[in-house]
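Let me give you the structure first, and then I'll get to my questions.
For clarity, chains are labelled A, B, C and D in written order, and residue numbers in each chain start from 1.
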Amino acid sequence: MAIRVVVQEEPFDFGAEAEGFAAGRTDMGAVVTFTGVVRDVSGTLATMEIEHYPGMTQKALEKIATEAEARWELGEVLVIHRYGRMGPGERIMMVATASKHRGHAFEAAEYLMDYLKSRAPFWKKESGAEGASWVAAKDEDEDALSRW
Amino acid sequence: MDLLYFAWVRERIGLPKERYETEAATVNDLIEELRGREERYALAFSDLSALRVALDQELSEFDAPLAGVREVAFFPPMTGG
Amino acid sequence: MAIRVVVQEEPFDFGAEAEGFAAGRTDMGAVVTFTGVVRDVSGTLATMEIEHYPGMTQKALEKIATEAEARWELGEVLVIHRYGRMGPGERIMMVATASKHRGHAFEAAEYLMDYLKSRAPFWKKESGAEGASWVAAKDEDEDALSRW
Amino acid sequence: MDLLYFAWVRERIGLPKERYETEAATVNDLIEELRGREERYALAFSDLSALRVALDQELSEFDAPLAGVREVAFFPPMTGG
């Protein structure tokens, strides 16, 4: 079982990461990826800036991935998350899971996302025509943790 | 200890990090002290339900003890992903 | 909303498909992919041969994708499924979903997979050291439909 | 009408497709007729719980009527994905 966690400012190559993830393994029948993209909800977003807590981010993501590994049969787990400035349509982050069973791969990816949203130290700030504002956490994101 | 502030907590207090010496026993005690320092701290710590705290880079509770802690970070609920 | 369904014998380029799916859209915050891979359960698999029903396959997959579109807010749906002979570790198929909401993207991808497994006319035959045999459908695959 | 067979149904019957004229009213009636033709048909249709049927390329039930149907396909439960 291999966990890889990457926190970086520069864009990542989603196609290459997807292509390379669990590639060539003959014991994993199911691969799931999730990708988060900067969404321009109002039509006026210029940039999104993601702040993070450098000393804590990597550790927090590794902890979440390790917990997923303990709950499901996973062959590989990948988490990539960017920080810094990005524009509408840019990929913010991705997770990928590989398992023998499609149910495990799906559930583990959803678990990673639910915990990453509420437990990894990232904060989004949107800037556009109407000024700049911090994205508020949603109650539903915290509530999502209760299903695990 | 080091105090770290992120996102709008950082913006309200006006700095990302400061060195601070305290005898406060818990995070709550520390927050009481900080609120008394200046208006910008009182404002940043006015609503604890909108804040989270990490002690030495682990998410913690506001009633957690500070003994031995070297880094306290305050920030709003996370919004990654 | 765009649905794309591809049924083909030759391998597909997963990295390029992942990279291109919903690329550049600024109204979709969440992208999920699922990939099915030939798994060598016994360690003796030589090849997997997938038979399909040419006149029905494309229609059946389009119907499943259209039903997913009606149930969730989806911006794009992609289904690719191969037939013919492939070896351990080769990618058999993929689905991808893009939505404003991560819950919708995840649920729609799981729905597509559950229905594709039990309602799209594909049959797998494994050949190896122990001879050749048709893969049996699992009760749990049929049961999975009841959650939708 | 055209009869199509897939996977082990095709292997047991020994052909992928055949032309067949019938007065059978339903799929069940058709299966009864086919069972009576030869041993290989009787074998292929011995356990209906292991079979699925599509009429004109749509999944159907065994009690569905055959009036107007041009293509009947028999196969085991699907195993794609």
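As a working rule, contacts are C-beta pairs under 8 Å (C-beta built on N, C-alpha and C of every residue); 3 or more make two chains touch, one makes a residue touch a chain.
Quick caveat, the model's predicted, so the values are computed rather than measured.
Participant: Can you give the shortest number of steps from chain B to chain D, where adjacent chains in the path must touch?
Facilitator: Minimum number of steps from chain B to chain D: 3.
Participant: Could you state the distance in Å from the CA-based centre of chain B to that of chain C?
Facilitator: 48
Participant: Between chain A and chain C, tell me the centre distance in angstrom, where each centre is the average of that chain's C-alpha atoms.
Facilitator: Comparing mean C-alpha positions, chain C is 23 Å from chain A.
Participant: In angstrom, rounded to a whole number, how far apart do the mean CA points of chain C and chain D lie?
Facilitator: 26
Participant: Give me the residue numbers in chain B that touch at least two other chains, ranges are fine.
Facilitator: 81
Participant: In chain A, what residues contact two or more other chains?
Facilitator: 36, 102, 113
Participant: Sort out which chains touch which and give me every pair.
Facilitator: A-B, A-C, C-D
Participant: In the complex, go through chain D and note every residue touching chain C.
Facilitator: Residues in contact with chain C: 4, 6-8, 10, 54, 57-59, 71, 73, 75-81.
Participant: Quick check on the complex: what are the chain A residues that touch chain B?
Facilitator: 36, 50-53, 55-56, 59-60, 81, 92-93, 113, 116-125, 134-137, 142
Participant: What residues on chain C touch chain A, complex-wise?
Facilitator: 13-16, 18-20, 22-40, 45, 88-89, 100, 102, 105-106, 109-110, 113
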